[in-house]
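Chain lettering (A, B, C and D) follows the sequence in which the chains are written, and residue indices restart at 1 in each chain.
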Amino acid sequence: MKTYGKLDWAFSAGRIPFRSTGKEPDFVSHDKIAILNTSEEAAEIELFIFYEEEQPSEVYEIEVKPKRLRKVRFNDLIDPVAMRLERNYSCYIRSNVPVVVQFSRLDSGSKETAHMGSMAFPAEP
Amino acid sequence: MKTYGKLDWAFSAGRIPFRSTGKEPDFVSHDKIAILNTSEEAAEIELFIFYEEEQPSEVYEIEVKPKRLRKVRFNDLIDPVAMRLERNYSCYIRSNVPVVVQFSRLDSGSKETAHMGSMAFPAEP
Amino acid sequence: MKTYGKLDWAFSAGRIPFRSTGKEPDFVSHDKIAILNTSEEAAEIELFIFYEEEQPSEVYEIEVKPKRLRKVRFNDLIDPVAMRLERNYSCYIRSNVPVVVQFSRLDSGSKETAHMGSMAFPAEP
Amino acid sequence: MKTYGKLDWAFSAGRIPFRSTGKEPDFVSHDKIAILNTSEEAAEIELFIFYEEEQPSEVYEIEVKPKRLRKVRFNDLIDPVAMRLERNYSCYIRSNVPVVVQFSRLDSGSKETAHMGSMAFPAEP
């Protein structure tokens, strides 16, 4: 199978909700990305986080094994610095091999909102 | 009408929910793809499934008739092996003729979440 | 302002729900497209509908005025033939001038589901 | 880091809801865009608004600082003229430097609908 995906991805409307009423771990409020690496090599991925009123943070580094999926919860990004809750952020994602990235959000903290945006993209060879 | 769509599609954030409280068959929790084949030929489609901690599964083969739509529920993929519930997966979709693919999810198992992500893509000739 | 959008669009997971408990007209279950024509000319648009087990229907023709938005509810497509409810369909959209198309769905018929998928696409000159 | 995104974006299915029952400011009904500027320069952005039955409005001008995110609520667009509620609109977004744009909607005015469509796009260099 040929390697598949893109080297660069981004989303701009990130926000990790503070309140949460769901059951752990599935229904806890989150921002998440799912990264698919179809290649024979480990994907070395850098996450660049941007904010409204501050300098961009240090870069987060993530590895995704060959021919594997990896889910990353933004709540779990703590090295080099924990991401703060209830703050708007954007994320630019750069990989050394083509990957497929999908972003989803679940907000279980408000009775008014139980939503998930989920995105997939057509791949180009 | 010219043939329309792309040969390659993917989504990375698949997961078939276990619990379900909806009425059959519309509101049963599912992951689904809708495949449109606008061509005069049958579309021979391969679904490659990837996981977090396991080797990719065998390939699932699907046919979509000429000038027809076909919906595929991932719950129904049982040959060569049934897909397991409550496990994260990604899917790479390859076709021999251009097709249009849309992914949707419904989770009716939790009162907190009744969501559907639905995607469409601009087609290029 | 330069003309903006694409000539071809598609979505594959169409379905007009039967049940509806919402208030007219905003919360009635629907499948809808919003078409933006940024050009100085009227956009002459053809909608090709595809099904699972039947021949594609006759073509629906829609006009969008220059520099205007038009929303089209699939429930309202009755010429040459009314679209049937509760039947899966796909739609291929072809325009004579570049347009921007966004698809949305609202299902107010089930207490379990109040969802909307909404999509936008980056435009290329 | 290289500059990242696109100069042109659009969505066609805009609508600012009138009713609102949420808590300020997070759960008030809105249409919003999140704009990420990864470049070293300020992004000078023009928003062109289109309607169903009227001439396009005057252009709204927005600046996004270098290496920053900015969220824009359409309710807050009042110069040169306030956007009206409960009216369908489309938006074409043009920037002088590449940006990443994501559109989201929250409608908290109806008990039947608590939804958000959220979109991200693969970036191309």
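By our rule, a contact is a pair of C-beta atoms (placed from the backbone, for glycine too) under 8 Å apart; a residue touches a chain by one contact, two chains touch by 3 or more.
For reference, the UniProt names are A, B, C, D = Sensory rhodopsin transducer.
The model shown is predicted, which means the values in this text are computed figures rather than measured ones.
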Same-site or different-site touching of chain B (Sensory rhodopsin transducer) by its copy chain C (Sensory rhodopsin transducer), using the half cut: different
Chain C (Sensory rhodopsin transducer) onto chain D (Sensory rhodopsin transducer), rotation angle from CA fit, given as a multiple of 5 degrees: 90
Rounded Å distance between chain A (Sensory rhodopsin transducer) and chain B (Sensory rhodopsin transducer), as computed from the means of their C-alpha atoms: 22
Chain centre separation (chain B (Sensory rhodopsin transducer), chain D (Sensory rhodopsin transducer); CA means) in Å: 31
Chain B (Sensory rhodopsin transducer), residues touching no fewer than two other chains: 101, 114-115, 117, 119, 121
Chain contact graph, described as a line, ring, star, complete graph or other shape: ring
Chain D (Sensory rhodopsin transducer)-touching residues of chain A (Sensory rhodopsin transducer), taken from the complex the two chains share: 6, 8-13, 48, 50-53, 55-56, 88-90, 92, 94, 101, 103, 105, 110, 112-115, 117, 119, 121
Of all residues in chain A (Sensory rhodopsin transducer), those that touch chain B (Sensory rhodopsin transducer) in their complex: 1, 4-5, 21-22, 26-27, 32, 34-36, 38, 67-71, 100-102, 104, 106, 108, 114-125
